[in-house]
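Two complexes come next, and they have one chain in common, chain A, joined by chain B in the first and chain C in the second.
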Partner chain A sequence: MGARLDLKPMLKPRSVAIVGASRDPDKVGHVILQNYLNAGFPGRLYPVNKTADKILGLKAYASVLDIKERLDLVVIAVPAPAVPAVMEECGKAGVKAAVVVSGGFAEVGNADLQAQLVSIADRYGIATLGPNCLGVMDPRSRVDTLFLPTYKLSKPQIGGVSFMAQSGAVGSTVLDLISGEGFGLSKFISYGNAAQVDEVDILDYLADDPETNVIVMYIEGIKRGREFIAAAKRAGAIKPVIVLKAGKTAAGVKAAHSHTAALAGDYEVQESIFRQAGFIIADDLSDLLYYAKIFEAEPEPKGPRVAIVTNGGGAGVLTTDALGASGILSMAEFTRQTSEALRKAMPPLVNIANPLDLAGDAGEERYDKALAALESDANVDMIIVIMLFQTPGADSASAAKLIAYKDRSEKPMIVISIGAGYTEMHKRMMESAGLPVYDSPADAAAALAALYRYSLFRKRRSQPSR
Partner chain B sequence: MGARLDLKPMLKPRSVAIVGASRDPDKVGHVILQNYLNAGFPGRLYPVNKTADKILGLKAYASVLDIKERLDLVVIAVPAPAVPAVMEECGKAGVKAAVVVSGGFAEVGNADLQAQLVSIADRYGIATLGPNCLGVMDPRSRVDTLFLPTYKLSKPQIGGVSFMAQSGAVGSTVLDLISGEGFGLSKFISYGNAAQVDEVDILDYLADDPETNVIVMYIEGIKRGREFIAAAKRAGAIKPVIVLKAGKTAAGVKAAHSHTAALAGDYEVQESIFRQAGFIIADDLSDLLYYAKIFEAEPEPKGPRVAIVTNGGGAGVLTTDALGASGILSMAEFTRQTSEALRKAMPPLVNIANPLDLAGDAGEERYDKALAALESDANVDMIIVIMLFQTPGADSASAAKLIAYKDRSEKPMIVISIGAGYTEMHKRMMESAGLPVYDSPADAAAALAALYRYSLFRKRRSQPSR
Partner chain C sequence: MKLLDYMEAKRLLERYGISSIESAYVSSAKDAVSFSKGRAIAMKVLSDKQLHKSKAGLVRLNLSAPGEIESAYAALSRKGQALRPFKIIAQRMAERGDEIIVGARTDPQFGKVVLIGLGGIYVEIFRDFALRVAPLSAVDAEEMLAQLKSERIVTHGGRHRKQILSLLLGVARLMKENDSISELDLNPVIVTERGYSVVDIRVLGKV
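What follows is the complex of A and B.
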């Protein structure tokens, strides 16, 4: 394993130059500079352009060599054939990191040009992301090299989930989805052709990053197998890593090869690497979000026993089925004390059982009493609250009660709410308060099962026998 | 099998009386009357209330016996103990159908009261829905007995999907979800305790209903097994039936029993009944929608071969994986003619293969040429178009191109678009034009697989050997 590439100058730069910055609003270099200005980047910003004097109010430089300070990061957005010369200048100027957003390298058959780029980066020790990538975003340092129109792509708030993706399109799609969720972003890293910096370097960095609580990765191929295994084991032992691998079936492997020339390899082998590292394996893009939000928000469960509280009997049955299908979770049996307390607190029509069906007219009061009883029940490890907002009793007061309860609970608790406008409104309300909301019993059960499975992995790892 | 109960007077009534109609806006009877008025119900409407002279501007009657015409439908929203007397009056007045929304019968242990209700209904031949149900909605006849606040529950447009659900909460939740989809509703039937009219009667009616193209059913228990099998076989042979059964696992069966006192029974047996009837089996509430929209919009595929067109390589790989996982669909191999036409039409960076990756800058022109080539390719049975709106090329013009193409295509075609605001806007645009849009490769593949599987079932049935 070679010397580790330091990604800090790329993600936390004090100074950034944008090569290819332009006065033409249609140029990528213009969009990137504008994004830095809009984000209020607090460091020093240098547009580099051979002909312009000033761009967007900033003094422009003909070359990075003309800039007086040693730069942390250079973003390169010039046509592919011009990139090696720019990299050479970066090397001479002592630049620490580069993000090459330009396409036109190995992905269109120009492997030689890409090799030239890597050789310069290695010679000068420049940590280089790309080429052919969207680059990086870090809402804390306000670094943002994305060149997509902001109206197409909502950007997430600050948080603890870091997302790495080889593919720019998948990366931007997931970033857009994250913006609609309650959790926030720590780092976004789209690494494209992975000519130099690859999944191993990124995984290593994110494993140690104190701002990252959860790592989410979308990968198509793994180049350095042995190093990847080491990085995966290390990362998985430190924090939850959620992975979606494209190219699982024979046809998918073929398609992946044609897409990024990545050797997708044998998925069964890869899956066993992921499992040994304790990774949470996603089957679809939406799973990435369902898993990310529970790991970002919830504590470790003490056991597999789940209590369900609902205002819709049918939804309670479906959720019971989904928990059973998980193969690892079980239905909690309430202690006698809990059953007696519930019997006293609830109207006669409420049958004291798990799922606990509070009936369609249940409002904040019944939810409050039910949750108080379950919180103190030692037989209950996790709680699913189903709140269907189409029923007569559920409203913002009931949602607020769940939020208040969440703040003092020590058990993992998630919500299932399904529906259109009125429900969406309350979903946003609860998620913005850090309460994960799911719109399907199956997704909710899968998320809780992943949380419990990872807690078992952590426990096994901390056994003295290892 | 007894005489079939005629549900027509319930769903297409020319005259409706609402017993329990009230001037008090908090009463269920008031909400129902108001809903009929808001919906512009074109038939004759009679509030029934012992004390009021006028309610919401309509003359009120003390009893259905005071109404001069023979009523098609009576909606009953009075306390449970008062229901038998009202039913007795309905019988004497020659009422054809009743919807009993009142709760307080078998579901809270009052089995005797429920038996009394059924005995009166049977004696007078009144087709009776409920008790303890939300009742019916038919946007064509403007019948609407739902008593939930309209701000909590969006109502769908007119269409060809009929939805039957025992559970009121699940029913209203799915109804709310349907309102956010592109397809419309034919009938909504929430049948509660199923004391008299049950899933067999409803399935029989919907199978013959010319306004129903697709039947969606959520069930917890089946009471009349033999009759259900006959009705299922008949319905499945006429039109697609999508079913979600709650109570599959041991714990789920127990929970279902406690919810509606339904005998959920052995799910394996039930599943084999569904399969033999050609039903499409859903695993989750969201599946009901994914399946409903493809069956409502798409023609029968001629075979299992799918072409994928995408502007995101990674999403193409994930979709290829999902098709492989379906176990029944395959990737189409383009004819030489198609490959040559595409090679000429596309820029060099587009690799001519399936999935066809048009690249991130693809706009309406590239999609147009790709779809024209695939439409005429005899090796392509179905088309998945992936349009990621975060990319630089995709916009409303590209979405409009898909809609225009959809109108002239004879092959099933669905879209995958994933993302927040800008994507949601275009999703609504395409769905309102009848183009099904999915936000996950797995859901899209599952929907196409169901469409193809049902086409095979139909073909087997039409073989002379049967």
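What follows is the complex of A and C.
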């Protein structure tokens, strides 16, 4: 593969044609056009259909060659055997980028058809995503090639997290889950068979994308090994990259001649590349979200020392244990100044120690005073606030207090709230204000540990080596 | 893929600042006795046909009396007949210590990969190792050690950290600069109070 493929026309198009757009609401091409209309795409939109005159109120064209302007993006949703001819027309029309959502290529054994597609794309220099993919979504430019009906899939708000996935099903599941979290989306890219545009191109693009603060990737295979290493190292040095790799248990190296070869199987090698690039390695889909929200919301911690403020003793102890199990975080020891200030501010039943148990009747006021003291304590690098809403004291005013602290705090601060309805409501409230909320001490500790580990990676990379 | 001659592999390592335990080929029992000079030695049969020496009874350890050495030599050369061509190598006996492994292999997709971990016969049971793709920076090497549960064993409580790091960087450089070398095992490397000692070397190459 030659020059770097430019994904900008795909994600920031001014003009889009949808080949296979249809009046039949059951057709993929119809759903995509409908989604573009729903999203309020501000550019020019051209349905392409051989027989229809108008689709969803827009004038339809028989071919991309009939469209008078040079198109940035063409979304192709026609049966696989018809795709090469459409690509050929796109080439002649000078189209810059294509998203081929159609399936029926290498994934079902039609490698020749896929090779044909790539050769046309390369010949005309069309950056081509897919085939067999969901395509792209960018809420800022209101691009949305996803052919999933809107009522089935909640779509996230605008934000700084970009998500790339080979698998369309994992992609749409995560997208749906993201919409339930407090953080927002920058780009969603489902790249399917990766026939031409692959993880290397996408990683390169997202690393440089100013709208992307955090990259989240789900990958199954890596196609271009050496180029991937270079792209991974570059991206990891610029911004946090969270990765979930499927296929860990695939058979190791066959017929190993040495102990090294027996140990260092495919997954182990890939994992080592992720580590070398500073990637945050997730073990499960839920980890992707737990890590994404803390990296999107929180500053770099200055050190590993955590203060815990809680309104439940048991939850404080569980969280202390989880921090210990992380192997890298430690419990902060308050300065004397902090301890004295807290002693004065708190009722006698509050024991001044870390975790700081404010007791079950603690409300807005006690949280306020505790956070004020910890915020200025030089021995505290990060803060975990446990707020259990089943207690008599915790309510919306207490949650609002945490949000206010979040806005002015220079230290990473996260919340643990465990519970159903009333808790869920407050979790939503805090998360939509950019305050990450976790419902288990283990997840919270893992997220803080990842944040701290990445800060260490950044520090090591910016210093000349010892 | 071919196993590189042991002494050739030993010299190759030396070019990268990696010394290994004193060794020599011996072609008679007398040779072996004079190599020993009264010190404890080990003797091994080396042959392309037998890759797992210790499992096949092709290793004799802790020989120091001339009589012991002579009878071990006779026994090993008998076993060697079935594996011809073969050589017998004599090595100075290593001190007791903690066994670690340093190795490398070539991944078809990503290139040369370097490994360090807890070694010896349990390496595949504990699977405590760290990997990185070459070239290796000093920070990469540091991070590899930090990743090991057995970091304190591997570095001898931190006292041999520098030597182990340079061993690791040496192996990475060797792999990067010798494209024909596809696999390398230094297992075990024995870590003692006095430093590390490479006890067994296996280098596989394309030539």
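A few remarks follow.
The rule we apply is simple: the second predicted complex is superposed on the first by the 447 of 466 C-alpha atoms of A that agree within 3 Å, B and C clash if a C-alpha of one lies under 4 Å from a C-alpha of the other, contacts with A are read in each partner's own complex, and residues count from 1 in each chain.
What we mean here is this: a contact is a pair of C-beta atoms (placed from the backbone, for glycine too) under 8 Å apart; a residue touches a chain by one contact, two chains touch by 3 or more.
Values in this document were obtained by computation on a predicted structure and should not be read as measured data.
Annotation for chain A, partner touching more residues between chain B and chain C: B.
Judged by the touch definition given at the top, the superposed model places A:284 against chain B, while chain C stays out of reach. In the superposition on chain A, contact of A:439 is made with chain B only, not with chain C. Judged by the touch definition given at the top, the superposed model places A:325 against chain B, while chain C stays out of reach. When both complexes are overlaid on chain A, the residue A:52 reaches neither chain B nor chain C. Chain A residues 258-260 lie at the interface with chain B in one structure and with chain C in the other.
The part of chain B that touches chain A in the complex is made up of residues 108, 148-149, 151-154, 165-170, 172-173, 175-177, 179-180, 218, 220, 244, 246-252, 254-256, 258-260, 283-286, 311-318, 320-325, 331, 348-349, 351, 353, 355, 357, 360, 388-392, 418-423, 439-443. Of all residues in chain C, those touching chain A in their complex are 1, 51, 101, 103-105, 107-111, 113, 115, 117, 119, 123-124, 127, 129-133, 137-140, 142-143, 147, 183-185, 187, 202, 204.
Taken in their complex, chain A has these residues touching chain C: 222, 225-226, 228-229, 253, 257-264, 266, 268-273, 275-276, 460-461, 465-466.
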